[in-house]
Structure formats: C-alpha cells, structure tokens
Amino acid sequence: MVDAARQPKIDVRTYTEVESVEGFVGNFKVTLREKAKHVLADRCNGCGDCARVCPIEVPNYYEMNLAPRKAVYIPMSQSVPLVYTVDLDACIHCYKCVEACGPLKAIDFSQEDKYVQEDIGAIVVATGFGHFDPSVMEEYGYGRFPNVITSMEMERLNNSAGLTAGNLIRPSDRKNPQKLAFINCVGSRDKRYNPGCSNFCCMYSIKNAVLLKQMYPNVDITIYYMDIRTPSKGYEEFYDRAREMGIHFVQGRPSLITEDEETHNLFVHSEDISLGRVIEKEYDMVMLNQAAVPQPDQNHMSSVLNVVQSPGGWFMEYHPKLRPIDSPTDGIFFAGACQGPKDIPASVAAGSAAASRASRILHSEKWEIEPIVAVVWPDRCSATTKGRACGLCVKACPYGAVVIDGDKAAEIITAKCHGCGGCVAECPEDAITQMHYTDAQILSQIRALLADKPEEKILAFRCQWCSYGGADLAGTSHFEYTANERGLRVMCSARMDSDFIYEAYRLGAGAVLYSGCHPQDCHYITGQKVGAKRADRLKKMFERMNMTDGRFRVEWISAAEGDKYARVLNEMQMTLDNMSPEELRDEIERLKPDMEKRLKRFPGVPGVSEAMDYSDTLVDAILKAKETS
Amino acid sequence: MSDLPNETNNNEEELRIGVYICHCGSNIAGVIDPEEVVKFAEGLPDVVRATDTLYACADSGQRLIKEDIEKFKLNRVVVSACSVRMHEPTFRGAVAEAGLNPFLMEMANIREQCTWAHGHDREGALQKSMDLTAAAVAKTRFLTTLDMIDVPVTKKALVIGGGVAGITASLDLAEQGIETILVEKEPTIGGVMSQLNKTFPTMDCSI
Amino acid sequence: MAAEAKPKLAFYWAGSCGGCEITITELGMRLVDVSELADIVFWPAAMDFKYDDVRGLADQEIDLCFFNGAIRNAENEEFAHLLRRKSKIMVAFGSCSHLGGIPGLANMYDIEALCERVFDTSPSLDNSRGIRPQTITKVPEGEIKLPPLHQSVKHLAEITDVDYFMPGCPPVVDQVWKVFQAALNGELPPKGSVIGADEKSVCDVCPREKGEPGFRISEFKRPHEVDLDPDKCFLTQGVICCGPVTRAGCGTPCLNGNMPCRGCYGPAEGIIDQGAKLASFIGGLIDTDDPEKLQSILDSIVDPAGTFYRFGLAHSIISKMKYE
Amino acid sequence: MSHPAAVRTFADEVKAIPGGEHLELCYSCGTCVSKCMIQQKVEPDYNPRRLLRMVMMDMKEEAFESPTTWMCSECDLCYQACPQEIHISQVIAAVKQLAVDAGYTSPLTPVQVDEALCSGCGICSMVCPYQAPSLFEKVVDGEIDRFAQVDSNKCMGCGTCVGACPLGAISREGVSNSEIQSQIPSPDQTIPDIITFVCDWSLREGADVELLESYPADQVNVVHIPCTGRIDPQHALMALDSGVKGVLVCGCKPGECHFKRGNHVAKCKLGLLDTMFKQIQSPHKEIRFVQIGTQERGRIRHEIDEILTAVSPAKEAK
C-alpha cells in the first residue's frame, strides 16, 4: 500500500469513481469523478484532531460495521493516503472539526465533486469482489442470532489492528468463545445464490482456525465443509497442519442453526457424512464463510467499460484459457477478483499479468486496429441525390464518427469508427458500406448457406462479440442443438440489415434467428439498441404478414449463454417440426412476393447484382458438388 | 483507407481459392469425414486447391498453406476449422507470411459451431460443414485487401481499484516507467486484503 | 292387545313451528288405524284437550308420548316435566326436541337482543309505542299470564329423561308410521336409541358421484349461486352439504330436489358434535396450495355456525359452554 | 464410428421418471439428511443422500429395500434447503414407483377402513395429501355399495383422513377416535389446566420434547398426534367440556408440514371453530393453534406458559 503511494509514477486518487470511458485502444478518454472529501489533501496532516471532536458516530464499513467511525474519518489508522474525509450524509454541520483543525485550515466545506478528464492508453480493471450477505439464508440465522458472524467480521474481531485489538469476543456477551464452528460454502456452490465455488474460502477458514488455535490453544474449533479444496502449492500441507493441531473437520453441510434463547449458544444441525448420521452440536459462536460475489456496482461498471459479464455477474475475459487477462475490448485488461474469485497469490499474479499485457501497448508508439470501418459512397447519399442528408447514419453511430457538414454527403471519421456497421444497415439509400462485411459478401454467404433445401434451414445472424461467442460456448460445452442451423457472423446486431432478412425469406429459409448482445453487454455501447429497434420493426411486420410465430426469432444471447443458444435453436427447430412440409411451403410461397417487393431497390447497391449473378453459379455448383460427393 | 471499394471490378484478376479442411485430431474428424468436405469444395467455383489437414493451426498445417499459396498461386484462402475467436489471428498471420493480404483469408467454424454441437447428427454435421465452407468460399469472392489502421498511443495507464491486484498492476506499470493513475472509490487504498488478519500461507500481516 | 286396554297416546308441541304435527296428520287414513289401536289422550294441536286433562291422568298412564318442539319458555319446560311423569315412554319427536332445531339458532343471541329484533327493529313491524309482552298483564277481567322465556333454548333431553329420539324437520311420514307400528307391537330398540332413522350418514344413500381423490375447494358457494349438477356431490361444486355427518333415514327429499342436505336428521352414529365434525372435514377439503388464500376461502363460507349447526346449535358443546 | 448400445442403468430408469431428472447433480453434502427429521425421530437408517448414491451406483435392490424409499413424506424441507436444487422427494418418489412396479411393498402400517362404518362419502380420498384412499364398489345385500380402500404403498400415516372421516370409519394405530378420547379426562380423573395436542414433527429439538413431558399431570396433558391434520375439533370441544381450561394445538410452521398440508388443514378447522365461537358469542375459551418453525427452539415453553397464565385466573376463582 505504502509502496504505491510512494512510487512517483503512481498518481493515487482515492474517493474517486470512473464516470465514463470513451475512445479506443491507445486513445481512451476517461472521466473521473473525484468526490469531495471536504478536506484539502495538501494541508491535512492526518493528526485526527477533527475526528476527536466530531460528535457524530456512524458504522465504519472498514470494520464490517462492527465499530463506529466519526462523520469526519479515515477508515483505519494506516489509511493511504492519510487524509481525512468528511461524510456529509452523517455530518450535522457543527463545524467543531473546523475549529479543531485551527490554523491548518485543512477542512473546506465548500469543496465540490470534481470531474477530471484523462487521456489513457490502456486500462487495468481491478475492481475486486463483494461479500455475500448470509442474512438471506434464514436457516443460518445471521442477523437474528447475535453470535452467528461472517468471515469478514471474524477478520476484524480477530485482528490486532481491529476494533477489539485482536481479543476475540462474541457479540452477545463479549465473552471469549470456547467452542467455535466455521461453516464453509455459505452462499457459494449453492444454486439458489451463487452456483460457483468461491475459490479461497477453504484455505481462509483453515487460516482463521489455525490463527485462533495458536492464540487460544484450548479453543475447540470445528470446520463444517462439503469438500476441502487445496489446489495450490503448500495448501494441502497447511490443511494437514491444521488437522494435526486438533482442529476438527466435519464433512457435512449444516442445514440449520438454532439458538438457545438464554445462553445465545448455537446448535448446528448437520449430517456427519463419515458417520452417516445426523449430529447436533452446541457452540458459543459460529462463523459463516460467506461467498465472494461480484461488487454491488459490477453491472454499472460493466456498462461504463462496455465489457461483458459471465453468468453470475463477473467480468468475462476474451477467452477463458488463451486470453484470460484480456477483456474483449482491445486495451482493457482484468486483474484480480473482478473476473471471478481469486485468492491473494492469484490476484497478485493477475495484477502483474495485466500490467504486462497493458505495457505491450503502452510501450508502443503505434498500435494496429482492424480496418473494419464504414465507408460512404457520396454519390448515393441523399445529400447528393435529394439535396438533403437524412442523418439516420449520425443517429445510429454510438461514437459520433459520422458527420454531415452542411449539404455535403455524410462522412466517416475513420479514427473514431469502431466498425459496428449500424450506419450501414440504417442508411435508407444504401450509401454506406462496411469493409470486410459488405452487402455483396454477406449476400453471397446467405445464398451459399441456403443453397440446399432452404426450407429446412434456420439462418442464424450472430454478432461477433456475444451471440457468436454463445454459439461457440454451446459447442465447447457440447450442448447439442439442431444441425439445420446455418450461422452467419457480423460485427454487431446493428449491421443486420432488414434486406438480409427479406433475402433469406425470399430464398425460402425455414426460419431466421436475429441475435446479438444483451443491451448492457454491447461491445459498441448502443449498437445493440439500433439492432433491437430494427428487429422489433421486423417482428411486427412479419406478425402482420401472418408469418407463423417462431419462424422469426429475436434473441439476445451473451457469450456466456451457450445453453441459451442451444435451447433457442432447438425451439426453432420444434417450430418447424410442428408445421407440415406443405404448410411451410405454402407460407414461404405466400410471403415471397412481399419479400421481393421489399428488396426491389437492393440490386442497385454496388456489388449486389454481381453477387447475385455469382451466387446463381455458386448455388448450382454447391448442389452439383453435393450430388457427386 | 481513402480508396473507395469498387467491388464491381476489383476482382479482375483470376480468383484462385485454396480450401483447407482441418481434422483437429478427432474433434472434427470424429464426427464428419473431412475428405468428403474436400471433395465437395473441389466442385466450387474458383477453388483450385482443396485438401484436408490433421491440424491446420500446427506448424505443419500453416506450412502447408504457405507453400500452397506459392505453389498454386492462391490469392484467397478458406480454412474450415475452429472458431475465429480461436485462430483467426493465426491464419491471418500465416497467409501474410506467404505474402497474401491477411484479410483475404476467411474461416469457417466447423468445430465449435458444428461437430462439437452436432455429435448426435453426423450427416447433419457433414451437410453443415459443407455449407459453411461454401459460404466462406463465397465471401472470399468479394474480399478486398485491407490494411491495418495505425493509431497513436497515449503512454498513460489507468488502474481502476486499489486492492491487492490493482496495487500490484500499478506498481508493475510504474516501475516500467509508465505514468499510472490508480483510482479507488473508498477513502483509502488497500481493498479487502488490508481488512484481513494475517494472511495464508505465510501468516504475515496483510497491509 | 285387548280392545278395552288400548294403549294411550299423547302428542305435544312445545317450541315448534307445527310442522311435526302436520306430519302426523299426513298419516291420513292410517290415523284411523292408529285410533283403532290406541287412544289419543292428548293432542292440543288437533283435538280439544285442556292442560288439566293431562294433570288429571295418573303417573305413567300415557303409554307413549310424542313430544315435539324445543324448550324455549317455562311452559314448555313445565309440560315436558309433566308429560314425562305421566308417560311410560317419552319420544323426542322432530329436530327441535331432539337437538333444539331451528329455534335453537336463537342461542347465538341473548334474550334482550332477540326481543329487540322481534318487537322493535323487525322491518315488517310497526311498534312505535315500544310495547313488549309482559309475563303478567293486568286487564279488567284479571291477570293474563304469559310464560317467561328461558335464557337459552334447550332440547328435551337437557331437562328431562328421554327414552327415544326421533329426528327430522319434520320426521318423514313413513318413518313415523314405522315407529308407530313398532311401538304398538312392542318392538322398540333399547332405551336411548335414535328411532325412525338409519345409522350411517346421508352419503351412504346418496347416489351422486363423489369427488376425485385430491379434490379441493377453493371457494364456497351457496346453492343459489351455482347451477348445480344433479349427478355430482355438492361438495365438489363448492356447496356445503351436511350429508356426510347427518343421519340418513329422511329419504333424501332435499337431494332429490337438487338441494344439499341441511342436517335435520342430526348427527350420524358416532358423531358427538355435528358442527364440529363438519368443520373437521370441511377444513380438510379446503385448497391449501396457497396458504395466503386460506382465510379468504374460509371467509367465503357465509354464516358457518348457522350452516354447520342449523338444527343442532342448542345441542352443541359451544352453546352448552355459553350457557353453563 | 459407432458406439455400442448404451446399457440402461438404474439411474437411467429413475431419471426417466418426471422428477427424477436431476438426481446426478447431488454432490453428497448431507444437507437433506439433517434437514429431514426422520432419521433423528424415527429411523436411524433413513438417509436421502445415501439413497441417491445407491441409485447412482446401480444398487437397485438395496435402494428398493431402503427405508428412505418408503418413509419420505414429500414435505420438501430438503428441497428448499438443497444447494443443488434437487427435488429430492421427487427422486425418491421415482425410486418408490420403480420399487412398487417391481413388487416391493411399503413397510409402513397404513390407516385401516372399517367397512361397517364407512358410508362411501369419499371425503378421505379428497383430503389425503397422498391420494392413498379411493372408493370402490361392491355388492352388499344385492345392492351396489361404495366403500373406501387405502393403497398401503401410498399411505404415510398422517391421519388427516382420520380427522376428516365423519363416521370414524378410518383409523390409524395410536390415534383412533377412541384412543384420543381416552386421553381426554373424565370427571373422576385429574383435570389438567390444559391439554395440548402436539404434532410429533413440530418439536424438532429433543430438549423441547423433554420439556413438554416434564410438566405435572395436573397442569399439562400431552396428546401426541402424527400431524395436526389429524385434529378433530370435536376433541378440542370435548376437552373443554371435561373441565380443561385451555387447548393448545401445536403444529408446524407454514411450509414445514411433514405431511405437506396437515398444518394448513388444522388451521382451517380451528379457524372455523373459532369463527363459530365468535358468532355464537360463546365466552372465549382458550383454543390456541401455534405453528412452530424448525428454528424456534424453546418457543414451546413460552406458548405453554402463556396459555397457562391465560387460564389461571379461572383456576384462582375455583
């Protein structure tokens, strides 16, 4: 901690939050909100005279709310930086602190939150984890039985720097407990709350047991566990040591804690699996080893940073094995438990790894980004053809990369364009194209995918970042789904042009899936919203056309939802299976003229007519090649 | 990037497409017969070379592609293998080494999105592999050469969160001489670790 | 039985509506047979007897006395004791003397509340002068006496020894005829028995289709609120039927008329408290899938005490506790 | 490539029955075993965790013979507690169904029907949480008559039907009408201050059971019932009629009934009785229904003390 504060290249800004992150790798613009401390950092000498005179006491988060702090406070005596903060929510404005501070004049009630913009080349996200609140598990009585405490409360009660100076007492009568039970996996490995393992709790409860046993040799400690997980170097040996110290380990997850209302002693009901018998034991105090959960503001941070969350809410890495530190956004990296529970060594390792990944960029003069950007054909823009630009492209762009200057055709600022393709699909004049995802390319892919028995096929449009990843995960997890799916990848659902959907139905597709990120996960901030709006319009239109429900599905599937991808596809297959071939054929034929009408202008788009011609040849070749092979 | 794509006439040169069907050991070949897909691909327009390979991503696989580009004068490459999230950079690199613009390579995902998900329906998986390969071939017909865009780099890092991971990252960056802003929402850095009593496995103080 | 020693019969009505008397007249020509076999020595509803005629009889001179009506007032009680003394066999005839009957429902209220309703607030009444009947009224001819009301309605066995109980409101005429025959032939069962009825409940003879296993009631309805299916158990239609706890023997006229059993034949054999037992099975039939809704389902039963104890309130343990 | 035809294991059979699907998620944590009270109160060999294990390990005969297969009353306390969200009672029900199909029979003693008393009203079949009773027809004296019969493999012995049967035609060993009535004092016996009808499952802690039994006979008379669904309001009234001053019915908290719904049934019955007391304006006699939760250790002491205090002024007047 102190090293960080001393290191001249590190600018420590506490009491500060990240408001927004814009830009791209090497060129992020970050807005920070430095919350007003109402104490001038350069004048405060950390003497604490202000806190001594402050008459207000509120619970101190740092002590897990077991001890009070003043309205003007530092969370702990070794705070870094050693600068006090006035908590205005608690302050009654008596100004005794100002008086006590005297000539230093460090306290300044006029201070306001400050918004600062910083140019940043790379970002390391190390927002950490939160603690599961066990009071929702009524069976353990936390919050009702005073002597049931959490592991974090134990840390403070048993800490020489903590509120009791390390003298472990139990809350009901402040006596030293003689018989303690620790319960592991409270809220973790529990499908009702958090299905995952919290990674470090096993070692953590063994650590606490060993510490207590060293301090109070006569104390009787039992650890209730389901499995003890000691996967790293030296961990199993530590577990051995704990057992040899006389710490009891009971395999069996307690189902219930009851309390003797007079003594406030606790009775833990569990099966002892080794005995195959239910045991009920009395303890002075019970510690619940609470699960590690995502930070309460993790969803918020996820949308500030535009990064995806795994099931359960942790930040999701680009690839779980091969790129575990990278976020899907180039230039943003993860360190520590924000991407899943990690113990201290793993967090430190991840911190170093993230620094290393980031420094690749930060040590470079230039960084390469993919040229998948949008480009305008000025002669097709309505500014040229009609004298007035419609501006839909400007509205669709999440980055302000499209500009319309007076009566000139729209223009793309390449450096700002992230390549979602929203403007391309939104342009009513088909005057914009996207490199590497042109209409001609996508149309010829559609033709190829629907060449053979199109009525049996489910054409699935997926965005690169989420639903394509979801489809990958379905495969990686071996979730089986119908082989009639034919997937097509674009960068974002914003690129999924209505014309592609009409074309698919014109060609006789059995069903079409329109899928992308959940709105909060979108890699292009609001690209999904552009896509979703369009999907909604299409859905309503097909309803009016009396298309069978389910032949056009709109689903938001994250890269973590492989199960959902498989389920949606299987449901779509079921929709088709529920129609007789004649019914399906009749419907396809009935809707064809409508689709053709809507596609009328399409062949005028550069490359499209060539793509159509080429595709006719291609389809013949595909059918012939299938016949021979 | 100022040149406008002129797709109607940028393919005047004769297309020569090479198609590579990866076995991925038994990951793909355990469900479908790659040779069938090869036979199919040979029948597609402009495909001058189609073959299967045990591991396309392995050195031998990459070498095969690179040699073929020269031998068969390939100007487009299709690799039917795994997810683009897995090996697109690999194959882009491989074709670039053989002098082909990396954006003239297209992948078809016949592993994650085919054989791994359709183990129950081998014939369906085979048909799908063919169609996905055909679609990739179709896309290459309209691919254009593209160059990566260079952007400048601001030599400053932001670390969000002042716990043990954030502090470590900040120190590592700063010690490399990189200006680093360490942001913490609470009044002190330290995070959860500083709240802990002595920490495992060394049982030393956590601060 | 010799002609000159014909057995003597008496009929009396205490707190009752007179329906039981009509049942006896419904015997029609069979009454002639009765009068040939027995002498009717007292029947104030049908024949001109004076109370003194009864007082003039020797103790146990009446062979068989049919006493209908509940014990509401002092006169009812006086005659119950008198007839008991004069009769060899005392039969509580009809629901009112058996269980308290409909008059017994008055036990839900105290006397003052009842009088206020009957003499002051009843909508069909104009009593602006606030006249209330008095037990003694002085008139020029002397004093007119009315018997004072008891605090509660009692059934006959509560105040005197009863030999047999014949249920029904009213008892059905064929059962009455059978009982006459049995009595005149000396074929009555042991003292204390319920006669003129069966042992099992109405359900035993009800032909309706019973509920499926697991059937539950999620709302109670009154008969007029439902288009009742004549082939299905009333309970399965959400309508409370007293059949399961009520003694059979009535010939099921209510069920035949597509109305649920009201319980006039009293508790079937083995039941101690008709209303409490009703509560016991109704409670089991309530749909408990949503515990939040239990109270609203219970609340959909209109007038539980009046429904469960329609004829038996004065005979119930709850009523007994109230007036102890 | 072809795989040999898969062998259909016992686990496959169980999983094929609706409810049995999630069997294999069990990681053997034992929560179900200690949440359930059967092992502690009745049968030391009762162990759902082990039964699931037997299924997974293809131990069919052992599973069919295990008391767990037959004694689970589907209260689902374990389901609410299971961290893997396995509907354990449904898995057990699947095993039981296979056991019954294989000709095994339940070792439990079912309720008995006395046809001489049965009127065939069908109430037992409607109220039963397990649909164990049903009606059948047979010819008696030349006429078709209906009677109840009980599927002994389904009956869990809660006695809800016994409490509901209008004519006392269904009885359960230990809690038949006559057996309950014999525990209500007659005038020549010592009249306790209160009678308490206690569901055997509502007092989880051994200490609470001991406490209850420790009151002197002239103070508290304890009548054990298998479930408050067995309650017959007649018995409460008879008790009060005998001179007892208070009746305490002690059952399980909502959602914790060992027999699915008996506590709700009791609440309805006693609720109706209470309404009638109020309607009749009978001076309020103490009939209390308390529902004790698994975590409410020691609550029974307060409940008894409270009702004793409530009835004691009457005691002083005497």
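Per-chain residue numbering starts at 1, and chain names A, B, C and D are given in the order in which the chains are listed.
Simple rule for what comes next: a contact is a pair of C-beta atoms (placed from the backbone, for glycine too) under 8 Å apart; a residue touches a chain by one contact, two chains touch by 3 or more.
Owing to the predicted nature of the structure, the values given are computational and were not obtained by experimental measurement.
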Strictly by the touch rule at the top, which chains does chain B share as contacts with chain D? A
Ranking A-B and A-D by C-beta pairs in contact puts on top A-B
Of all the other chains, whose mean CA position lies farthest from chain D? B
Length of the line joining the C-alpha centres of chain A and chain B, rounded to whole Å: 23
Intercentroid distance (Cα basis), chain C paired with chain A, Å: 76
Rounded to the nearest Å, the gap separating the Cα centres of chain A and chain D is 47
Roughly how many whole angstrom separate the Cα centroids of chain B and chain C? 93
Where in chain D do residues touch two or more other chains at once? none
Graph of touching chains, which shape: line, ring, star, complete, other? line
Which pairs of chains touch, using the document's own definition: A-B, A-D, C-D
In the complex formed with chain A, which residues of chain D make contact? 27-35, 39-40, 44, 47, 49-50, 78, 81, 83-85, 204-205, 294-298
Along chain D, where are the residues that touch chain C in the complex? 117, 119-123, 125-128, 131, 133-135, 145-146, 160-161, 163-168, 177, 229, 231-234, 236-238, 240-241, 254-255, 261, 264-273, 275-277, 279-283, 285
Which bits of chain C are touching chain D when the two form their complex? 107-110, 200-201, 203-204, 210-216, 233, 235, 243-245, 268-273, 275-277, 279-286, 288, 291, 294-295, 297-298, 301, 303-306, 308-309, 313, 317-322
Chain D touches which residues of chain A in the complex? 138-139, 141, 185, 189-192, 226-227, 251-262, 267, 269-273, 276-280
Considering the complex alone, what residue numbers of chain B touch chain A? 1, 4-8, 36, 39-45, 83-86, 103, 109, 111-121, 124-125, 127-128, 130-132, 134-139, 141-144, 146-201, 203, 207
